[in-house]
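First chain A sits with chain B, and in the next complex the same chain sits with chain C.
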Partner chain A sequence: MTADQPPSRQWLLTLPSLAWLSVFFVIPAILVIVTAFRPADLQGGVGAGWTLATLKEVQDPAYLPILWRTFWLSGLTTLVCLALALPMAFQMARVGQRMRQVLLLLVVIPFLSNFLIRIFAWKSLLHPEGPLTKLLIGLHLIPENAVLLNHAGTVLLVLVYTQLPFAILPLYAAAEKFDFGLLDAARDLGAGPWRSFSKVFVPGVQRGLVSAAVMVFVCCLGQYVIPQMVGGTSDEMLGSKIAQRVFSDRNLPHASALAGGLMLAVLLPMLVVVIWQGLSRKEVT
Partner chain B sequence: MKRSWLPVITTLGVILFLFAPLVVLVVNSFNASRFGGEWEGFTLNWYEKLWAAGEVWESLWITLKIAVSASLAAMVLGTLAAYSLHRYRSGLQNVHHMLITLPLVMPDILMGMSLLALFVLSGVETGLLTIWIAHVTFCLSFVTMAVLGRLQDFDFTLLDAARDLGASQAKAVKKVLLPLLLPGVLAGGLLAFTLSIDDYVITFFVSGPGTTTLPLRVASMMKTSRSLPMINALSTLLIASTFLFAACSSRLQRRA
Partner chain C sequence: MDDFLVIDHVSKSFGAQRAVDDVSLTVGKGEAFSLLGPSGCGKTTLLRMIAGFERPDRGRILVGGQDITALPPELRPVNTVFQNYALFPHLSVWENIAFGLRMSRRPREEIRSGVDRMLELVRLSEHARKRPGQLSGGQRQRVAIARALVNRPQVLLLDEPLAALDLKLRQHMLMELNTIHEQVGTTFIYVTHDQGEAMSLSDRIAVMNAGKVEQVDTPEHLYEMPRTSFVATFIGDANFFTGIAVELQHEGYVRVLIEGLGSPLVLSNGELSANQKLRLMVRPEKISLTLKRPPSGERVNAFSGIVEDMAYFGSHTRYRIRAGEHSILAQLQRSRFSGGEIDPARGSEVWMSFHPDEARVVRLEA
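Moving on, here comes the complex of A and B:
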């Protein structure tokens, strides 16, 4: 019966983007999981048949420190970004309309500048012959032979630098809708600036806070260019291993197994947020 | 009432933190010193070297071709997607909405990796076409979001008014809806264009021989110390064009 009916306008309008994303987003994601169960062939492709061998390989204990590093670097980056973005979003929402536009533009411009160039900028800034190293040595803040590049701290710094706009933008969007009269009320009732900030403002922008945290955390989990370019050999993250398996070892199934694990690690926090926000929406209505 | 200075100081600190590396880069592009540790005099030498580096301009041309065609495709697909998301409330649109938002939070490496798996398993040779497909895929969601924001302000009674005055549905859409949506579509397109020009990770996964886009070229230049000062010059030009783009895009969004 339904086959005789002309497709509805809704389907016609939805189909192009739906089909595109199904073919080039959903199916590839499923293929990654499937590939993890296929044997590798020597040409860097995928062989015939099915195997569980790759899953056993991935359980190599050598991955544990890398996994642990990926999580703590991502977690710490998220905390630092939120700590900087919260007061900044607070300030941005309190200034006048014109100043707001200017500040927003100032946040967006580095964010839109080329990712590699931003990493390169830090690389040359922290270079042993670079300006920051010379300045700090000149001020006797670091010893003569200090190396600022190539350790976990450098990776953290550059991670924070690249992810900060992801934290500022959603927090600003939430702060913009926040009723600042509530803060005055809290102050009138005797709360100090810190107390009214942490007990009134922070809960008020909770939704923005959660999306900022998830955004930054998830983006960090998949990083590999930053540890590769400013980190040392012992600062690899999970993404570095995936890239290595694809490009150096040309072992697609192994890379797929790692990527599949990362995909789960990304989707789980997202799922929690979706459920949590669904619940809180029901509470409101 | 006493106000804390902490938010002001943090804001200034963050702006300084965001811009300091970029400023150093721009200054060093005019610095005669190779590593830019100290100022050794003004020079345009690096720009001249960059001008003579043919492979960089070749990469720029490839990048522009992909960025223009990918953002045009994303503008068409994204506008349709935003319109149907806004117009209809149904199970289909819930799925549609989820599909549109997921790529926004998918780490680049996973997107690159999964597209590579698709192309390898289906036997498609990686090259210009695969890069274009990948770019349309990640730009689509951003354009949709930009147009959706615009649609939320759109007064749909204007369309009814046009119909009441005798316009056909097609004519009402063409003469009323599209002109009012245009700033949103263009802003989304500009965003898609910048994202496409900048993308390194996804492109790296799906590129083939002879498709070295500008970011891929920069990455390979970063490996040889001889070309480092040239990257400073190239970066300065890119940052300047980003400035221009961001200014255009924010003007578009503020209009109407």
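Moving on, here comes the complex of A and C:
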């Protein structure tokens, strides 16, 4: 860090990204929220004047199970991703430089093919006539009439698949900075391998853990392609509903109200995390 | 000397590198013992094998009669003070010290009293709630010692305990470590590359070189009676002369012919035969400097030389003196009685003399 530079000048450096964020993120977000207070017109556009009617519409109890499903699927995906990413990040930080690069590449490789294509791949893999289903039935691991596709478990599986790299990368960044000598100290003080991992490594990568959790959870909340494609009719997530309101119902204010509500539901927990991290940082220094 | 910690023919290789080569040592209960040597001599590997982080290729390690060679670190009655202290940054000082007791699932009351007692021992009670990041280097080290000692280990290993501290603090912690050792009475094993540290901390020192133990002895013996020239140079400074035993006298005295210097009389500590080649060691401070030839006698070895170089250290002055082929280090302690009257200048002739008992015959290395 260049400490001799006056702080006001340093602030200028953030100007381009700040401008980008306000033009392409903050303004559209405000527009979405504003649209929620506009009446819908019959052509699928936004009418003149202001109304609170849409806010009453979205309080429809029919949304409650969808909202609940969105949150538990996202939460569960986050937990599974963290559980899988922790040992992976641990190993990645411990292996040699060459192996580390290979592993990093393997984590990133899925991004080289299109997201939709990967989801289609899952769809054909899990299809009743697909190779995996046939193999598992052939090995008598699942009953003859089992369907792997189109239920909540499938959505969870594919969500975990798509989000796992977003959990591994921040955790790996944290693990790389972790002092593995601390694990020797833990073993020396009587902790077995597992307790050294859980009592010393996991708290040691706490910041990475929080970033990974926020990243995965927030990305899951907005998902609509995955539940649409591999989920069943009763596995809709809030994202699917928003897409439906935009594309099928052509009711932009309604979609805006849902999207705005979801946005607040995401931003508030993040705000809490940011404040909490700021506080804990103050405590350390 | 009871054999409390026994290292029995232990070897360890990393690839083709023999880090520890057939080392055998015994350390008594309650002893303060040092493994001393240059970096890469195998002392740290030996320490890690005692702690359980490395498994010896051959040999056994016993503590109090129990063979611990195959035990993982968490099951050994041994605790370590790591070189960089390895304090857990996410835990307070109090929780760091409590860690070991929590791992062995001791009752809450025992943990509380144990940690508080340790905090008192290392005088950190008022810092109990702080994080390691908020402490000074010396305080961190005291936490590391407390965190290890609270488990009442049978052996405490200290890996370069003073290396990370600045000079003033190091001198202070040296005293502190001795006090703590006296108070708890645990067997302390230091690993250090600093001979001064080893000398002032330990009852006995094992000097290691290239994976082997050169000599195990008390600090006084290592300094006064080094058996090898490696030990002589690693602990203090030394002048070496290669010569031939020309005349064996009674009571172990021997006259040695040193090409280009003379034939001093010295005391030998081992068996020698006539005409045997040998190596002689004289410490710089054992050589007296005078401007005139000292009164000759049977028990005085005197040679003349020219002052080549000198360096003033405050408490003493170092002289490099040339005598023919030989370049000899001598040290002058200035006081009114000794050497106060002489002040040899560069290029002037001086007389060096030493008593036969102050020279040592060391092993002749190939």
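Before moving on, here are some points about what is shown:
Here, the second predicted complex is superposed on the first by the 262 of 285 C-alpha atoms of A that agree within 3 Å, B and C clash if a C-alpha of one lies under 4 Å from a C-alpha of the other, contacts with A are read in each partner's own complex, and residues count from 1 in each chain.
Here is the rule we go by: a contact is a pair of C-beta atoms (placed from the backbone, for glycine too) under 8 Å apart; a residue touches a chain by one contact, two chains touch by 3 or more.
Keep in mind that this is a model prediction, so the values were computed, not measured.
When both complexes are superposed on chain A, chain B and chain C sit side by side without a clash.
Of the two partner chains placed by superposition, A:Arg250 touches none, neither chain B nor chain C. In the superposition on chain A, A:Gly204 makes contact with chain C only, while chain B stays out of contact range. When the two complexes are overlaid, the chain among chain B and chain C that reaches more residues of chain A is B. Within the superposed three-chain model, A:Arg187 lies in touch with chain B and with chain C [touch as defined at top]. After overlaying the two complexes on the shared chain, residue contacts for A:Arg195 are found with chain C alone; chain B is out of touch.
Touch criterion not met for A:Arg100: it reaches neither chain B nor chain C. When the two complexes are overlaid on their common chain A, residue A:Asp179 makes contact with chain C while staying clear of chain B.
Contacts of A:His151 after superposition on the shared chain: neither chain B nor chain C is touched. Vectors from the Cα centre of chain A to those of chain B and chain C enclose 90° in the overlay, to the nearest 10.
For the overlaid pair of complexes, the smallest distance between C-alpha atoms of chain B and those of chain C rounds to 5 Å. Taken together, the two structures place residues 184, 187 of chain A in contact with chain B in one case and with chain C in the other.
On chain A, the positions that touch chain C within their shared complex are 179, 181-182, 184-192, 195, 199-200, 203-204, 206, 283-285. Listing the residues of chain A that touch chain B in their complex gives 10-11, 13-14, 16-18, 20-22, 24-29, 31-32, 35, 44-46, 84-85, 87-88, 90-92, 94, 101, 103-110, 112-118, 120-125, 127, 129-131, 133-134, 161, 164-165, 168, 184, 187, 193-194, 197, 214-215, 218-219, 221-225, 229, 239, 242-243, 246, 252, 255-256, 259, 262-263, 266, 270. Here chain C touches chain A in the complex through residues 51-53, 72-74, 78-80, 82, 84, 86-91, 99-100, 103-104, 131, 133-134, 147-148, 151, going by the rule given at the top.
Against chain A, the residues of chain B that register as touching in their complex are 1-4, 6-8, 10-11, 13-15, 17-22, 24-25, 28, 35-38, 76-78, 80-81, 83-84, 87-88, 90, 92-93, 95-96, 99-100, 102-103, 105-111, 113-118, 120-121, 133-134, 136-137, 140, 144, 194, 197-198, 200-201, 205, 215, 218-219, 222, 228, 231-232, 235, 238-239, 242-243, 245-247, 250, 254.
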